[in-house]
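Each of the two complexes below includes subunit A, the first together with subunit B, the second together with subunit C.
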Partner chain A sequence: MTRDELEKNIVTILVDEFEFENPGLSDNLRDDHGFDSIDAIELLAKIEEMLGFQLTRKEKEQAMTIRTINDILDYIESMQDAHQS
Partner chain B sequence: MPRRVVITACSAITPIGYGKKDIVESLRTGRSGVKPLRDDGLLTDHIHSKVFGTVDYTIDYGFPRKDTKTMGPVAYYACQVAKDVLEDSGLSQDFITSGRLGVSFSSTHGSPTIQRNIYKTFFSNLKNEFSSIGAVDYLKSMVHTTAVNITRMFGITGRVIASSTACTTSSQSIGFGYEMVKYGMQDAMICGGADEYDTTTVAVFDNLLACSVDYNDTPECTPRPFDTKRDGLVVGEGGAAVLLEEYESAKARGANIIGEVIGFACNNNGGDLILPNLEGITTTLRLALQDAGISAEDVDFISAHATATKMGDVIESQAIDKVYGDKPHVIGLKSYMGHTMGTCGAIELILSLYMMEEGFLAPTLNLETVDERCAMLRHVRKLTEVKTRVAAIQNFAFGGVNTCLIIRDVRE
Partner chain C sequence: MSGNSLQPGGRGNPVNGLLNVLVTLICWGYFIFAFLFFFAFFYLASYLFAADREKSFQYLNFRFFRGFLWLLRSLAPRHSWNIDPQIANIRGSIIVCNHLSYLDPLLFLSLLPRNKTIVKTKFFKAPVFGWLVDISGYLPSTTEGIYAGKMIQQVEKMSVFFKSGGNLFVFPEGTRNPDAGIGALHKGVFKIARMAKCPIHVLGLSGTDVLFTPGKFFFNTRLRNKIYLKIIETIPSDTKQGTMTVSILEEKVRCAFQKQKLLYEGRLV
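Right after this comes the complex of A and B.
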């Protein structure tokens, strides 16, 4: 999946399922949209579904530093690369 | 020094309506909320009882995802009635979050819908390796899910009590909340219970031969408390909450005081976990009167537990007869909606309040021929316009738990 495709998918998920309003790529997820640890776990499940493979415990823990949508996209790209290599 | 505890708001979602207007109309017109059991694609084919006390109308919750992400269906009922009582109460946001307001609320077993989804995954032998068990399924299904979703939604920081004792769940919630306020541990408590649509509960009672099965084609004709043709209980769903406050502070802030809890008792039969126990129940009724500081003659009507099981109604009748004789009116409110399980005590208390406020007593539905073993009581057989001031609400649960709440109308 290209970065643009990922962005489109993730923004759609955040708007449709996490009730984000007008999300910006650099918005702080917690401060601007009330995104919390429960949301993070739920989003990881969506990301696994989207990527078609299961993330390891260590990979999931890496996601806990994510703060913005750009961070989410970076994270997904790095996971794609890791699982392709 | 014990303090007086008053009721300053209430709300109920029931099979016969949501809110006072709907419910009072149902009580006055004898409208039943018992409907055909919905097919769940799993158990219904195996269950003999095909009736359920159903909330079949739409509720516009409007809760945002930040709240709903930890809520199963049972928490929707709970949070909606809690929202209603907080809005009606006029309590300030400062007080709500002060730690002086607590929550005493629970359900029979959390959210069976969520639990069922977990087990569906568990037994499905899914080929793919992704678990469909959600990360928050525990928060949605745990037994105190109703209480803590209420605290989360409204920022309540006081005590949390989540007594889960089957059919006495919400009567205990109110009773324990009453004691919290009475003895000064909290200044106010949101109390109640909720239970969602659930066929596993029907299956359990069905297997115990305790469910109604003879009226599957005429759901409104069952349950039939105290009637010779009663054939068991009907499981139902709903949610109900009351706001209890310390009397002096409620009065000082100009709250709308709609009733007072003056007595509560709870005990255990100390033995069998299923069979009703005359001695245990009789003791509870007497202890509640003692706590209220009134005599049996002061009670105008009794909301009986009256599930319409063969023996339960007989033993309860004997207990009422021993404590009260035939003076107080006796109503079996489950005849209108079935047994709403963990919610029944709170719903029946609220319906009792409504009847006191409106000056009538609703008849026990489907009571056509009184079982001679229950005939010594003063059953309400037809709609009766009468002013009442004191009511006793009786509930008994599997596990041998008995409760009795006594409320009083304090309006001038």
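Right after this comes the complex of A and C.
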């Protein structure tokens, strides 16, 4: 999946499932949209569905430091790369 | 506070003060000695031999706090306890309640044998207690450091836990709030409800702050007081129209708390 496709999918999920309003790629997820660790865990399940493979516990723990949508996209790309190699 | 009659003489009387000290020491003595000389053996046996260690620890917590509440109720008979009997039958649900006193979590632990709750992360670091809350499967309130893994593990298991009849009780105001207003509600519990598609039971509690007043060390055993714990409303998170959003769940719980406050103040019948 390209970064543009990932961005479109993630923004759709955040708007439809997490009630985000006009999310910006550099918004602070916690401060601007009230996105917390429980949301992050739910989003990880959706990312797994999107990517078609399971993330390990360690990979999920890495996601807990994500702060922006750009960080989410970087994270997904790095997971794609790691699972392809 | 309607529902609580505070008789004169409850405060300022040295005999009453002495009795308060005595009851408090006996109750906190139970915490130390009942654990060390009785329950510790069962916890150890469960740790070593139980097939489901988490479930076994939750049951031991239930028995331990049941003993504590029985002792407190026996030693403070002027406080009458009116616990809705239906609460003992709640299974596979999230339970949210207003928070008045440090007694409240102990009360919930004594009511249901399969319980989890969200615990401040600093308590996971405490000796013995931290070990107990960790093995009991309680959720840390934050995801700093090693607690990220624990949080992920517990949240991912919640659906299975609810399906097996377990309950998660939470005080969504986060801290004790004996005042009339309703504080800001933490959304985490509504997110778990949405994720696990389980119902939310909204409970209303009154009077525990009279028995154990925030900021005080000793129980007020000599006051005449009524403690109520009632089911105010049951909110399904998953309906025929689909799963409710976090905002709607939060609003429904807020309305239920508001209703409870009005009932408590005697403005509704």
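Keep in mind that, in the parts below, the second predicted complex is superposed on the first by the 85 of 85 C-alpha atoms of A that agree within 3 Å, B and C clash if a C-alpha of one lies under 4 Å from a C-alpha of the other, contacts with A are read in each partner's own complex, and residues count from 1 in each chain.
FYI, a residue touches a chain if its C-beta (ideal position, glycine included) is under 8 Å from a C-beta of that chain, and two chains touch if they have at least 3 such contacts.
Just so it is clear, the model here is predicted, and its values are computed rather than measured.
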Which of subunit B and subunit C A:E19 touches, first, second, both or neither: both
First (subunit B), second (subunit C), both or neither touched by A:Q54: first
Touching partner for A:E42 - first (subunit B), second (subunit C), both, neither: both
Touched partner set for A:D32, first subunit B, second subunit C, both or neither: neither
Subunit B versus subunit C as contact partner of A:M64, first or second or both or neither: second
Subunit B and subunit C footprints on subunit A, overlapping residues: 19, 34, 38-39, 41-42
Touching residues on subunit C, where the partner in the complex is subunit A: 142-143, 148-149, 151-153, 155-156, 187-188, 191-192, 195, 245-247
Residues of subunit B defined as touching subunit A within the complex: 64-66, 69-70, 129-130, 134-136, 139
Interface residues, subunit A side, partner subunit B - complex: 17-19, 34, 38-39, 41-42, 45, 48-49, 54
Residue ranges of subunit A in contact with subunit C within the complex: 19, 34, 36-39, 41-42, 44, 57, 60-61, 64
